[in-house]
Amino acid sequence: MNSYEMPLVLFTVLGQSAIGLVAVSAFRQVAGPDAEPGRIRLEWLAAGLVLVAGLIASVFHLGHPAGMVRALSNLGTAWLSREALTIGIFLVLLAAGLILMREKTSPMLAVATAAAGLLVIVTMGMTYSPPSFPAINNALPFVFFCLTALLLGSSAGQVFAVKASQPMLTRILTVTLVVALVIYLLVPCIWLSGGEIMKQTAGQWLASPLYWGRIVIGLVLPLALVKRLKGTPAWLWVLILAGELMGRAVFFAGTVHTAANMGGMY
Amino acid sequence: MTQWKKTDIEQAMDCPMTRRRFMKWMTAAGVTAAMPCGFLVPGKAEAGIVYEGGYETFRNACPRNCYDTCGVVTYVKDGVIKFVEGAPESTFTRGGLCVKGNAYLRKQYSPDRIKYPMVQQGRGSGNWKRISWDEALTRISEKFIEMNEKDGSMLGLAMTKYSGNFGITNYGVEGMFSSLGYTTRMVGTPCWPAGIDAQNYDMGNMWCNDPEDMVKARYVILWGVNPAWCSVHTMKYIYEARQRGAKIVCIDPVLTQTAAKADEYWQINTSEDGALALGMARHILDKGLVDQDWVTQNAVGFDEFAGYLRSEVTVEWASKKSGIPAERITRVAEEFAAADPATIWIGYGMQRHVNGGASVRSIDALVAMTGNVGKPGGGARYGHLQTWGFNYHAMVQQPPEGAKGYLGPAAKGEFDFTEDSKGPAYANRTLNINKTARELLDATDPPVRALWVSCKNPLSQDFDRNLLIEAFKKMEMVVVVDQFFNQTVEQADIVLPVTTLFEEWTVNASYWHYWLSINEQAVKPLYEAKSNIEIAAALSKKMNELKPGSCTFPADIDTKEWMAKEFNKGVYDLFGIDSWEALKNGPKKARTNRLAWGDGKFGTPSGKYEFKSELCAEHGFNALPEYVASRKPYDKLRLLTPHTKFGLHSQFINLDWMEDFNPRPYVYIHPDTARARSIADGDRVRVKNKTGEVLITASLTDNVPPDAIMMYEAWFKNNPYNCQNLVDDTSADMGAYKAGAPGVAIHDQFADLVKA
Amino acid sequence: MKKQLGFLVDADRCIGCFTCAMACKNQYHQENGVIWRQVYPLKEEIYPHKERAFYSLACNHCENPACMNVCPVKAYYKRDEDGLVIHEQDKCIGCGNCIRSCPYGAPQYNPVLKKAEKCSFCHQRIDEGLTPMCVLSCPVDAIGVIDLSTLDTTGLVQYAPGFSRQPVLNPSVRFRLPRLPEVVRRKNI
Amino acid sequence: MDPEQRTRLAQLRDFFLARRAQDLARACTALSGGRTAPEPGSTYWDHAEFAFNKLFVGPVALQAPPYASAYLSTESRLMGEATLTARKIYEMAGLTSPLQGSLPDDHLGVELDAALGLSTMAEGLDAEAPRALWDYFLQAHLLAWIPQFIDKARRAEAGHPAVDLALGHLETWLDHQTIKEEGMTP
């Protein structure tokens, strides 16, 4: 078991939620019903605050936070530097959107910000899939992060969306919940047929109460609620956020590092 | 790599200019007036000696009880040891130490070192008061004088000392005791006495070739020895021998690290080594592979031995006893006889049995009948004391006149080279160190009243620990001289701080290789630590103060001079040096005596190798190296308690650096044995037998046979683990002849275990 | 191929005595628990006898080091003259990315300095023409310094069992595999 | 530092350099301003000495080693870099420990004694150099390890009211230095 790395859990989940909010709101503006798209300004402001909160959390992860300002110096090879850069771009675009917005942003800016958000998730996916974690040395982190973004984007988005576009958001949420449920149940099984370290990772995940907590509270319960209430209650995002936080904690603590098995099978 | 941030003032402090400017201000302001400090005093600014790179180098020697006894180079700056390294001049250690040697800095500068003489209010209570050396020695002297008056002799004072520090000047502890009068001595050794006696009966002395000539061997049998853990510097010669075509066979009840490096490993049934050796001897005899010329020329009694082999020994019997298939025994016996030269290294663990001596004799016979004794690259290697011919000036002290003592023969330990004192009939009362608990309890007229412990940790090393706790309770005073608060200091009345190897002058030789190393005092003793001879001198001064003439040990001594007094012409000739100063630029190797029995003149009464030893028969054993049965098991599983690579008896394992690599003890169990008791890997188990019990973590491995369990002897810092709770004090067969008392059957113990 | 120094880990000669690991501690006095060179016992799936064969591993000074590539503040550099990967601790911000990304666990976290640190191949000693302390201290010459550009690799293997295969990083370490003794067990138990 | 602080410092030095119960009793009575501390020789002071030895002296493994380099070196060792820095600071001030080489120079008692000396010298008129040295000794040395030491001593298993009294006074004296420090009054 590695350390839970709580600062990183908070940073990644909150960051991805903010990006999800912006992306879903952008989608609502561009492809949503032509009625007015809801309280966009408030939504983007919320996203901005959530992202800043995530960044503050990430500071606690650093041994020497003062050095954070130098984090961009290795853009050439380090995905972590690129991640910092893309987050910077996303924040700038978000701020621009907030300033220029009358009652909604120009679609061009909305899409650009969403694209920047996607770029952030790509760089995050690459940063957290080093060769030392065979189980996630692939596109899985990127998939997990996209799911987090979509889940929170569509669920938290309800709060800001106008009545008309809520069914669309609910549909997005339901689909994402189903996809996420399938992926999170399937991935450990795939690992069980993989190498030794993947098997151990699957073992750790399946043995972790947090993993099952996330499946039940973060995915199955919301799915059931959305089905029964035939809509997304405004508070549903709280359950989903709790599930994502639990899931991310398992992602960091339960994924087995190759160095933990030196001298053993690989 | 400290975390001092180089502030600018710190740089400023480094440069002398600031210091001079500061001094100038001091004198100008005339501030040398009344300094408020009560402790610090005006300093005199003379610069210390500064060498290249700012280091002074000193020569030291690791004084532990180890085959390798490495030469050490110590780097000192500002009176603080910064770094230690192996001495490069020795071809045996080649500039290297081991995992323990490299941890010496953590011993020297550990905050847990015992610093001051202290007295415990209530033994075992843990409540200690600090006292001065004067007070401590006064209490001790008053007790000794009171005992002398009550018993009319000093026999009530007992000393238990062995191999905690093999620096030659530390024999000053025995010297201190002699200078107090006739006292009680725990004599003998738990280590290797049965093997010493066996080799003395066979060849007249324990003498092995220079281990560096092992490269010439064509066949090497490592019999019950684990050099990969206990003599890491010898392994490279075994590898080189293999490189040159030798076959390496390892015979051991446990699949040790050495076994993993051998070509062929025999998992022998513990303590049946004698039977196996005799079986091989019988086959060699039948195949006519005996080196008849060598035997007729250099040995006596071979015919009787051959007769015994033909009538009593068969390969099948040997195979049944040892568990090794007959075809294996015959093949290796033939290969061994054919190889020229072939050698067998006999380990100390192998002779720690009730039939240990007999087993060593039968293996010696195997080497002799194949003509491999007295041959470079050959020999029955066990150990030697060729390089220990010092004056023992510190040990040889005269008792005060009029001292009364014990009437009767006094046994002498194997390191006691003094001739038998032809003086009055009085002698020290010698008790068997391997039955310390029983002897301390049973000794009468006078009973043992006071116990002095130095260079030894009885409550970690001596046997039948629960009985020893009783024995300690009976003592009126227990004085322990040690560096760390171990399980013996816990039961002491007075503890005296002793110096480490870096804080005393002494000289060290090895019982395996032929190098000699000086041990210079690199730094001042920390706190109020004193070396053993300084303690002896201080005690003598106090004794004579309270009762003139009660102690003949010189009252003030110079430890460097006492080290030099150990040297004599014999040592200088053997090492080709004209004074001990020559050892300041590195260890020196003995120039002669490195080929055991090369001249064919054996030390036996007959002057030849004695297959049949009358002396051995006189001492109550078989004249021939006959098979002696092993001990009847008194419990289900055999219990083995060998040594770990991370410590030397109870030293080093308590250091935090060592805890990084060796955090806790384990009992090693065969998976089948564990499954039968539903024990899984990592479970807490309770190992019990008639002597006591131990709570420990289980580790499943087939390195140990299904009918045995193994745990290593060790003292972990705050962990009550102690394998001596399970080991009783049953004696080995031989050992009294040369070591003063029989050995101890450490590996003839049995126990059972159950899930805790 | 450019000069690339690396360690030869001769698991056949190695007796698992931990002298190299302690010599490294004796030289650099790392914090308790921070271990630059560790002696890993081979598990029984790879070597049948428990804790009887070892790999002594520190930093493998890879050709394409993960630590150097992922460090956001460029606190690692690879020396051109001999390919050693050196960590500049004062640049380090303690983000732990190198610790997370190195498959061999070479970078360790120093809890007091709150920074990463790792084996530097004793490059100060290499520059003085000396050998690293671990290599010097080994009593059986089971660790050696090799130059991969001129190495005769007969009998050597890069990815020994029990050592994670990472071709992208291309660790500069070569192994000689441990031998197996012919074991004769007692038959009458 | 006002005289009252200085006497407090001297009493603390005597406390931590104490060899036996009487020394502890004398220092503690002084520290508590002679108020009704139990008279010396009663078992109160024996228990104080037992706890004092378990924490700071031995022979058991120390629960709170009173040496700077046990806290400022990479491993809890003595005679580390911090010891030699302390020795150099004493040298700068023309002072040396009479037990140099046997008692580590960075023992708490010795350092408090040095603090006494250095702070006095720093009071001088144009005492620019000693004030810099005293300030360095306080900031980079005393404040670097003594708080850790106090915390470790308090969390240790062995304890006694007399020891807590001394630790309390040590802490207040140290805080007093920092408050004065911020105030930058000479």
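By letter and in written order, the chains are A, B, C and D; residue numbering begins at 1 in each of them.
Convention: contacts are C-beta pairs under 8 Å (C-beta built on N, C-alpha and C of every residue); 3 or more make two chains touch, one makes a residue touch a chain.
Note that the coordinates shown come from a computational prediction; the quantities given were computed from them, not determined experimentally.
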Checklist line | Touching chain B and also chain D, the following chains | finding: C
Check: How many Å are there between the centre of chain A and the centre of chain C, using C-alpha atoms for each centre?
Finding: 36
Next item on the list: Can you check how far apart chain C and chain D are, centre to centre, with Cα atoms defining each centre and the answer in Å?
Entry: 44
Item checked: Whole-Å gap between the CA centroids of chain A and chain B -> 64
Next item on the list: Return the residues of chain B touching two or more other chains; collapse runs of consecutive numbers into ranges.
Entry: 1, 3, 105, 656-657
Item checked: Multi-chain contact sites of chain C, meaning residues that touch two or more partners -> 29-30, 32, 112-113
Notebook entry, point to check: Hey, which chains are touching each other here?
Noted result: A-C, B-C, B-D, C-D
Margin query: Per the contact definition, I'd like the list of chain D residues that touch chain B in the complex.
Written below: 6, 10, 13-14, 17, 19-21, 46-47, 49-50, 53-54, 57-62, 65, 67, 70, 72-85, 87-98, 100-104, 109-110, 113-114, 116-117, 120-121, 124-127, 129-130, 132-133, 136, 140
Notebook entry, point to check: Within the complex, which stretch of chain B touches chain C?
Noted result: 1, 3, 83-84, 86, 93-103, 105, 228-229, 232-233, 235-236, 239, 250, 255-269, 320, 322-325, 328, 645-646, 656-658, 660-661, 699, 701-703, 705-707
Next item on the list: Using the touch rule from the top, collect the residues of chain C that touch chain A in their complex.
Entry: 38, 40-43, 45-46, 54-55, 57, 66, 68-74, 91-97, 100-105, 113-115, 161-166, 168-169
Margin query: Using the touch definition from the top, list the residues of chain C that touch chain B in their complex.
Written below: 13, 15-19, 21-23, 25-30, 32-33, 35, 39, 49-53, 112-113, 136-141, 178-189
Note to self: Which residues of chain B touch chain D once you look at their complex with the stated criterion?
What the structure shows: 1-4, 7, 9-10, 13, 18-19, 21-23, 25-26, 29, 31-32, 35-45, 78-81, 105-106, 109-116, 118, 121, 126-132, 484-485, 489, 495, 523-528, 656-657, 717-718
